[in-house]
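So that we are looking at the same thing, I have put the structure below in structure tokens.
Labels run A, B, C, D and E following the written order; every chain starts at residue 1.
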Amino acid sequence: MLNKTLHISTSPHIVKGNSTQVIMKNVVYALIPAALFSVFTFGLSALLVLGTAVASCLITEYALCKVSGRKVTTSDYSAVITGLLLGMTLPPAFPLWMVACGGFIAIGLGKFVFGGLGYNVFNPALVGRAVLQAAFPVAITTWTDALSADRFTSIPSSVLALPFMEPVYDITSGATPLSAFKFDHHITPSFDLAFGMIGGSLGETSSFLILAGGVYLMIRKMANWKITVSILTSVIVLSGALHLFNAELYPSPLFMLFSGGLMLGACFMATDMVGSPLTTKGIIVYGAFIGILVVVIRIWGGLPEGVMYAILLGNALSPQLDQWLKPRVYGTSKKKKS
Amino acid sequence: MKMLNIHKDTFKHGVHPPEYKEETNHLPIRQFDFAPVLIIPMAQHIGSPSEIVVREGQEVERGQLLAKSTGYVSVPIHAPAAGIIRKIANVPTISGKMSPGIFLEVFPFSGQEVAEGMPLDLETASADEILKGIQDAGIVGLGGAAFPTHVKLKVPDDKNCEVLLINGIECEPYLTTDHRVMLEQTEDVIHGIKYLMKATGAPKAIIGIEANKMDAAEHLERFIPEDLPIEVKVVPVKYPQGAEKMLITSIMGVEVPSGGLPIDVGAVVVNVATAAEIGRLLPHGWGIQERVVTITGPGVKNKGNYLIPMGTPLRYVLDQVGISDNISEVYMGGPMMGMAVSNLDISIVKGTSGIIVFNDEDVVSRNEEHPCIKCGACVEACPLSLNPSRMGLMAKFKAYDRMAEEQNLLDCFECGSCSFVCPSHIPLVQYFRLSKSIVRKRKSAKQHA
Amino acid sequence: MSATIEQQEQPTSNSKKMLTAMVGIGALCALLIVLTYEGTAERIAFLKQEALQNAIFKVLPGIEKTRAFYLDKEGHFKPLAENQKEATVVYAGFTGQGELAGLAIQGAGQGYADVIKVLYGYNPQKEEIVGFYVLESKETPGLGDKIEKDEIFLANFKAMDVKLNADKSQLVNSVTTVKSGEKNNLWEVDGITGATISSRAIGNILNESTSEMLPIIQRNISEFKIQ
Amino acid sequence: MNNEPLWGIFLNACLINNFVLAYFLGICPFLGVSGKVDTATKMGGAVTFVMLISAVCGYGIHSLLVMIDAPFLQLISYIVVIASTVQLVEMIIKKMSPSLFQALGIFLPLITTNCAILGLVLFQTNKGYDLLQSVFYALGAGAGFTIALLLMAGLREQMEFAEVPNVVKGTVLTLLIGGILSLTFMGFSGLNG
Amino acid sequence: MSTVLEKEPPKKKDLSTDEFIKGLWKENPVFVQVLGMCPVLAVTNTASNALAMGLATAFVLLMSNILISALRNFIPKQVRISSYILIIATFVTIIDYVIQAISVELHKSLGAFISLIVVNCLILSRAEAFASKNTIGKSIMDALGMGVGFTFGLLCLGVVRELLGSKSLFGFQVFPDQFQDWIVMILPAGGFFTLAFWLLIFNIFKSKKTTS
């Protein structure tokens, strides 16, 4: 019995629950209800956009790993998340060829050039979207109305535009609650906002389901609740103060919370730990920075929506935050910095 | 009876591993049988190994001196049993290095009475005499580090020991030796503390205990005479509260300076079992012969706390307690810091606080390693507020010197909290251990050059 | 010029050699520059003038002569002498018969990328904007730069209503930009889809400039004479 | 001639039309001196400082040139003035505060040929800013330059220990990060309007 | 295009041709030395801008190299940098006026970047590293090589950015009307990305060569 060869490992010999892969898998699960809902509100085109986004991310990841001779990492689910989230940030009538470009850019430029999973400094899905927005600003701000009657029977022709060709729109382009506010000072009723009977990106329309998915992740300790809470709090406080100051000019915090991509950003994108600071203090400042920037861009900026830019800037700021808010090492004096 | 002093303060960060203590914490200490042959390595403490003073074939009494200390940072070794020296040869130790050792064949029918030595009277002995007595008794830290206790107790002339901290924390999962010692060797503990206070000149002593051992805390509280300046403080359960720096912070609210020693903040920390051993041995002038070891883990049949003679081969121990068929790894020490055993021919030494046996399904080291996803869990865990995530990456890119310069690598005491929480299963502590040794080597190479 | 150069170098032992070198080079450079300047100045001035004239003729259809006026501190328009620089300048356009046919006015304001500068033609008799030209803009090519090229957008400014109220103190209807395709009134600017921000900026610039300038112009309309 | 509000000028130069990320001025230090947060901070400080002084001097020179009506000397006098101020500043700092000179010293000569400084003075002339506006423009541009440099330095320090593919390592990665940062700063557009 | 250049063997005998070739390829200011990046990124949103800027820079480079080389024994060491800057600024002012005289439109689209040639590190570095130490003949070849190399680099960027960003080349439409413009290419970010793209190609090419 005792002649058995023993294995040797180094301490610690016990580890805490969640592994990276399990976390990633659960993020996908948490996103599925909101994704399904977007298919319900926008029909086939939403399904196609989401599918293309995920597929292009996976294919890009596979191809780049192969080309560079690295271990193929498509099975760690992170590319699936990137694809899903990219898809969720796009409008339903977005041409599929552009979606595919976005997926390629998200993984290639957003992740691979930095060294792959864990090394990227910017949120890959948002890098993809930022490039798409800068490249095709018209397509990415052409919105379909929700719940159109023929959404399950026909596909907008723009979705199937030929690769590299300009899409032709046969849909009536709607406005998002935010652009309606920015350009026409029209406030969408809160009920519609919360339950998704509005125009917008796939992931803008179901704030409640997204929040539910986020809460699930936070309860399972797979996403850092401090980030989400810090963002939402700063949005509520700042927009609340402005609203109290002048309710005519500044919309209510409720409108701010449930319009646009704030929920998706706060629950799923700002919480991507890869681009966020490591320390608790850093995380709280990061969240507050994002929240404040969202309000500032939405209210005073030229663009109707600022969540994407706010999160990317937060990502860019993260290393600095980690440096500035570096905790004092035990037993050293404050002054000693490195 | 005094009110128990429940302390809310604790150190920053840290982790909460599952405790698994309920399997053994109610089991009284049982005497372990003598193995037919005891194998006693000379290198079982920090410092220079002891020098053998017996010959092959010589008969020895229990407690007789087998090896003498070879300097200030060294202690003697005494015979754990009456018997005959069969052989003197190199023996394996847990670190993998070989060490000179003594094979002692135990007399099967001996009464195993301990040979009387030079008793040390608490009332009359001077501080230096007590320190000498502690060294002569072969006492090293039983908390795990096996550092010669008398060295630690010697307060430098320019410093003052204001408080003696008795470490009854036992924060490692599974282990219950200190817990049982506090319950069952209470008198020895208190007696030992008296010696220690005299030796260090400390005006008071504080026994630190975690809240998961309230019975021990209450028991001690009841036992401590009113007129002794000994306090019991209960602190919240958190790993690695037992590390001396953390204990000092939890109880005294101060931090030991980086690179400094507890005495820099006026404290000396001694493990409770070490204290008990001092209290038990010094009045008789005995040398240390056995220690309490927790034997537990999913692979063990008769779990428990055993009083095991020094030098008992691990193979014999496991045979006696019975182990399951699919064992995979055996650890000496706790699961957070203990070392995996590669060779069952090593023996129980003074620093062995526990033996844990894991079956195939319990072993976690084969989890696949993923890249660091910067989740920050390790940063939130590190009790020293280091940045294990960054250091892990730096180690991967072999930037060892920068780890030391920019990230305070040398402060890391390898508690394993970071590895424990890492969802990507990165062997962070292993990296740091390696990096530290490389940095130290480079430093000494530079000094010599 | 050599004075400025000297201050840059500390005097050292062979400062005389350095001085001659620097003065020599300075003189050579000055010569080259002045020669080029003299050689090109006329043509550049001509090209610039031509560009401005072209713009004025574009925004004031049917005129034959132009003359620049500036607004002095008392709020009156005076003819602008050659090489005179003033803060507020308007260009009056005259028909062949020397009658005032319209005024070209500059306006500026923040666009999407940077400040947009425009020139628009105002017909004081009809109280309409009759022409529009973008002098300077860094708006995104393909999007914001439609304000310069888009035919439908430029059509907004063929006959835009900018009537003043009875006492000539303010506009009856302020110029506003509306969403593409929603223009119902002659004082509205029909926006451009995808360049809402730029087209709104144009509306704002015109609104601001007209509210400020038109009352003054109407009060002093008699001051615009061809000679 | 220009009535932009001061805060608008500052925001514009700092964020909306960031000198580095939107105007491509000072790209060389942006690529070259952004490896370490520490040096980036000092470089940013030095550039801001020189910008401020150059803006004031540039304003003076411009007024002078308008007075003597010699526009063709504009460029040559700007560059001479910038070069001399940098050297003057260097000398003064060396005398007054050797420690500051230690910190900024190596950067000052580099700044002489930094296009961000010359660009600032040229733009301020083009836009017709008055003295106070020029000062705010310089402060904004300097702050924007520092922010861009700092963000880049932080990100590059982070990328020191990453498995960046070999063909991307170095300038390519820095440029790509610069591109993404530039996209990100587009979010500020319109904030001053 | 690059492979063609690569295959051309440098002619050993004629030293001045060597000076010319090195600026084109081995020491290309854009792709190898990464010098003078500001104009590279800023004015290459169309091919014509890139060409104009490249030629303007080449002109200044050539003229200042000639003058500096001619005066190299006359200029004292201590004031050489100031003299170079003075000379460079002179030629920049000249080319600035010349471009204005050619077309106000072109001048407007190149904007302040013509003036900024003064501080282009490429020119100062050629003045300091080459013209101040070599004969006029060699300096001319050096300036021509560097100038053409720089213009070539700018064109590489300008062509890609204009093609993708506005489906045209030198203002002439190349892609069909329905082609979707990539507006990002003419934005600042596009400048960063395109330069990164070319450097990446260059790196891949180099690493292929070293491995094979």
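Some points to look at:
Just so we're on the same page, contacts are C-beta pairs under 8 Å (C-beta built on N, C-alpha and C of every residue); 3 or more make two chains touch, one makes a residue touch a chain.
Treat the numbers as computed from the prediction; the structure is a model and nothing was measured.
Annotation of subunit A and subunit D: jointly contacted by B, C, E, touch as defined at the top. The greater number of contacting C-beta pairs, out of the two interfaces D-E and C-D, is seen for D-E. Taking the mean of all protein C-alpha atoms as the reference point, the chain centroid lying nearest to it belongs to A. Between the Cα centres of subunit A and subunit E there is a gap of 41 Å. The distance from the centre of subunit B to the centre of subunit C, with each centre set as the mean of the Cα atoms, comes to 85 Å. Once the centre of each chain is set as its mean CA position, subunit A and subunit B turn out to be 49 Å apart.
One inter-chain figure worth recording: subunit B and subunit E are separated by 70 Å, centre to centre, where each centre is the mean of the chain's CA atoms. Residue positions 116, 119, 131, 134, 137, 302-303 of subunit A are each in touch with at least two other chains.
The residues of subunit C that reach two or more other chains are 5, 8, 29, 33, 36-37, 112, 140, 143, 197, listed in rising order. Counting only residues that touch two or more partner chains, subunit E has 82, 86, 89-90, 93, 97, 183-184, 187, 189-190. Across the assembly, chains come into contact as A-B, A-C, A-D, A-E, B-D, C-D, C-E, D-E. Taken in their complex, subunit D has these residues touching subunit B: 160-163.
Looking at the complex, you find that subunit E touches subunit C at residues 45, 71, 74-76, 78-79, 82-83, 86-87, 89-91, 93-94, 97-98, 100-101, 103-104, 108, 165-166, 181, 183, 186-187. On the subunit E side of its complex with subunit A, the touching residues are 176, 178-180, 182-185, 187, 189-190.
Interface of subunit E with subunit D (complex): residues 34-39, 41-42, 82, 85-86, 89-90, 92-93, 96-97, 112, 115-116, 118-121, 124, 184, 187-193, 195-196, 199-200, 203-204, 207. Interface residues of subunit D facing subunit E in the complex, by the touch rule stated above, are 21-28, 31, 72, 75-76, 79-80, 83, 113-115, 117-119, 122-123, 126, 166-168, 171-172, 175-176, 178-180, 182-183, 186.
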